[in-house]
Amino acid sequence: MSTHLLEARDLEIRFGGVVAADGVNLTIDEGKNLAIIGPNGAGKTTFLNICTGWLKPSRGQVFFLGEDVTRLPPRKIVQRGVARAFQIPQLFSEHTAMENLLIAVSAREGRQSPFLQMEAQPERDEMRELLDLVGCADVADARVDALSEGRRKLVDIAVALALKPRLLLMDEPTSGVASSEKFEIMDILVKALARADVTSVFVEHDMGIVKNYADEVAVWNAGEVQMRGTPDEILAHPDVIRDVIGEEAA
Amino acid sequence: MDYTIVLLAIFDGLSYAALVFMVAVGLTLIFGVLRILNVAHGSLYAIGAYLTASIGGAIFAAGFAPILAFPLMLIAAALVGILLGGPIEYLLLRRIYHKPEVLQLLVTFAVFMILEDVQRLVWGNQPYFEASALQMLGNIQVFGVYYTVYQLILLPVVAALTLIGLRVFLRKTLTGRLITAVTEDREAAQSIGIDANRVYLLTFVVGAGLAGLGGALASPTTSVLPGIGAEMIVLSFAVVATAGLGRIEGAAIAALLIGLGRSAATYTFPELQVLVPYLIMLAVLLVRPEGLFGSPAARKI
Amino acid sequence: MTIRHILPAIALLLIATIPFTAPALQILLTLALAKAIAVMGVTLLLRAGQVSFGHALFFGIAAYAAAFVAASSLDDLVVLLIAGTLGAAVSGLIVGLFVVRYRGIFFGMLNLAFSMIFWSVLEKFYHYTGGADGLRLPRPSVLGLSLERAPFELLLFYVTLGLTVALGWFVLRFLGSPVGQLFQTVKTNETRLEYLGISARTTLLKGYVLSAALCGTGGILVAVAQGIVTPSYAYWIRSGEMVFIAVLGGAGSIPGAVVGAVAYEVVRAYAAAFAADIWQLVLGVFLLAVILFAPGGLAGIYEGLANRLSRRDAPSANRKPAAKEVHS
């Protein structure tokens, strides 16, 4: 049996009386983009929080490349190759988009010298390409708190990519992005991920995006992974249409 | 060890805890509601003490009965609360509720700097000592140990009444419930028509008045001199941090812990007396960063 | 080269000629620049969104360390500077390990608590510290040379000026470097910092140790200039003064710290005669005024003027303010 990229075993977590994860098992394999869908409040974001060490499950374990990372803090898991983009973008609000990426790359490279200046880092061009990739090259020098929510989300993804992760977790990557641009951006993003050998997991509500860009889909409902399969199988399943897609349409 | 010394240490600790609690409870009440740490709180304590000691000294010298010391304390507390607390909240804090925490700290720190000099201007550098209230109540013998009624009975009783009074006020009265509502969710409270500004003003006046009362009560037991305000803000912060910011009952327990710890040190390692409250705070915070009764803040992402 | 850069250069040159053009101001400026170095420490922390009400702790620790060394056979200015700064940095590391677990209120107040603890230790353990009278710090030799008072003070002036420029330059380099940029993100987003694989505490600790060392260097220079160290070096009033100057100069601006310190000392030297009893009061009122009405401080005002001037010269105005304000 080959090692999974990420494996969640028997996860359980509760908030007060609400069960957000109840005996969840989920594996993620290299090279397959997995979409997680499900009704709001089903615990999808909680799952990302557990996988990255932000929350500790009351039971169960998380393995990354075969190593138990359940009790590690987020930064240690990030150092092992997991990056994350957030539903609410987490950026350095007083810095420009470009500076956000340069800060990320200096964290990646572990730079310590107080004499090297941030702008003089050799990865400047690489970062510019990343910004270009997410369609934000034109706002490279604007402070991120002046950008639209959609742009901030894209910069947030670029920051995560700047870490050169093995696995990228994205929470609704295109919410807040104008629907006319969604597909274009996902096209570029998915190609870039493939080129950089990054596997991605994304929580998504837009079934069009799921259908076009996921290799696999997991349905998360009531704290459980209820189903898993190819987008065509899953999106055609009557339960999914009733519980998930129906809700989205409503 | 001689048991009378143990008893003395306990009594010292108890009366000291009662005084510190009076100040700390105002600090924590204000923080709980306004989410502002009032660095000038220690100055309000000092001014309460100065008012009581100086006015008391003057009227007793003029032949008035020493019993007036007690109403005088309440008057001093009310003056501090209304004449200082009111304007500070109304003119200053009201402008900065939406500003970053660092800035709020700087503003109350500036008020602290101003009030420290105001004390010097009004009362000078010489110490004031006026102990009529303490002498009037006399001594009491407990298990063979003599102690002043004022420190052993009056101070703890006032502190306990304050604690119980605040609890009842916050839970049973309408105003108290309004305060609690604003504390829990300001926007929701405003949306149902609660005037949050009035609640903030009232809370600050009450909290400032408690600091003034703490100073008034402390004045018969110690010399009132410059610098007591600075020491008291640090000390009452130690109590409040040990308990967890915003925890009223917790502040009582932390005050006892720190008061007893301090007096234990007084009788064993007197050099460490001033350090003990901070050592207790540091020890607690090392184990529980949010204090004994605080709950860690979770950030939603 | 714009007017923005020329003016500071001219100002520095003018200060460098003070011993010859206005010798009466020499000692005043030595003290002002020494304080400026200490204030840089407080300013640095403001860049990470934190305010410390107890940084006089490191000012005092370094001054006392220097006084102890001066009492030994190693009483050389260079040794004093190294020993004192090292003492401040090591105590900064120890205190820092504790306080970097906190932000905001707790960070500010715990620093205050530490400084008050140290202050009462200084007062109580008078066998070692001389109590409230403090310790004398006799004039040290300089690289083995014993100097008379006048040449020593002249030398101390230039050493202080040189250190102000060198350390100011270093802090600016630090802030512009990757470590320094990560340090400043503690102010804006610790969640993202963690998800870059960086510990916010470690990052903050690095800056904290640097800030303690800066305060220490300032403390030694003031102690050597005054020839005495007292517990007031570590008292909250001193910490408050540093915070005041940092905010006055421009919260977060390193050149602002220097300008603020010089302006502060000069005003104090002349105004203190009229306002000695209400000095804290005046400071408090000024602090409120700056916070509420000119949150960019002196640096912010200067930037505003420079922007207006350069806009007149060239239409391409600066895209973003150079001084990052704490309150934005």
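Here the chain labels run A, B and C in written order, and each chain numbers its own residues starting at 1.
The rule is short, and it goes like this: a contact is a pair of C-beta atoms (placed from the backbone, for glycine too) under 8 Å apart; a residue touches a chain by one contact, two chains touch by 3 or more.
Because the structure is a prediction, the values reported are computed rather than measured.
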Chain nearest the overall C-alpha centroid of the shown protein atoms: C
Chain located farthest away, centre of chain A as origin (C-alpha): B
Separation of mean Cα positions, chain B and chain A [Å, integer]: 49
Distance between chain centroids, defined by C-alpha means - chain B, chain C (Å): 33
Interchain centroid distance [CA atoms averaged], chain A/chain C, Å: 43
Residues of chain A whose C-beta touches two or more other chains: 86, 90
Where chain C touches two or more other chains, by residue: 191
Junction residues of chain B - those touching two or more other chains: 301
Of chain C, residues touching chain B in the complex: 46, 49-51, 53, 98, 101-102, 104-106, 108-110, 112-114, 116-117, 120-121, 124-125, 191, 236, 240, 243-244, 247, 277-281, 283-285, 287-288, 291-292, 295, 326-327
Interface residues, chain C side, partner chain A - complex: 170, 173-174, 176-182, 184-185, 187-189, 191-199, 319-320, 324, 328
Of all residues in chain B, those that touch chain C in their complex: 37, 39, 92, 95, 99-103, 105-107, 109-114, 116-118, 120-121, 230-231, 234, 237-238, 241, 245, 271, 274-275, 278, 281-282, 285-286, 289, 299, 301
Complex contact set, residues of chain A against chain C: 52, 73-76, 78-79, 83-84, 86, 90-96, 99, 102-104, 106-109, 111-119, 121, 141, 143, 159-160, 163
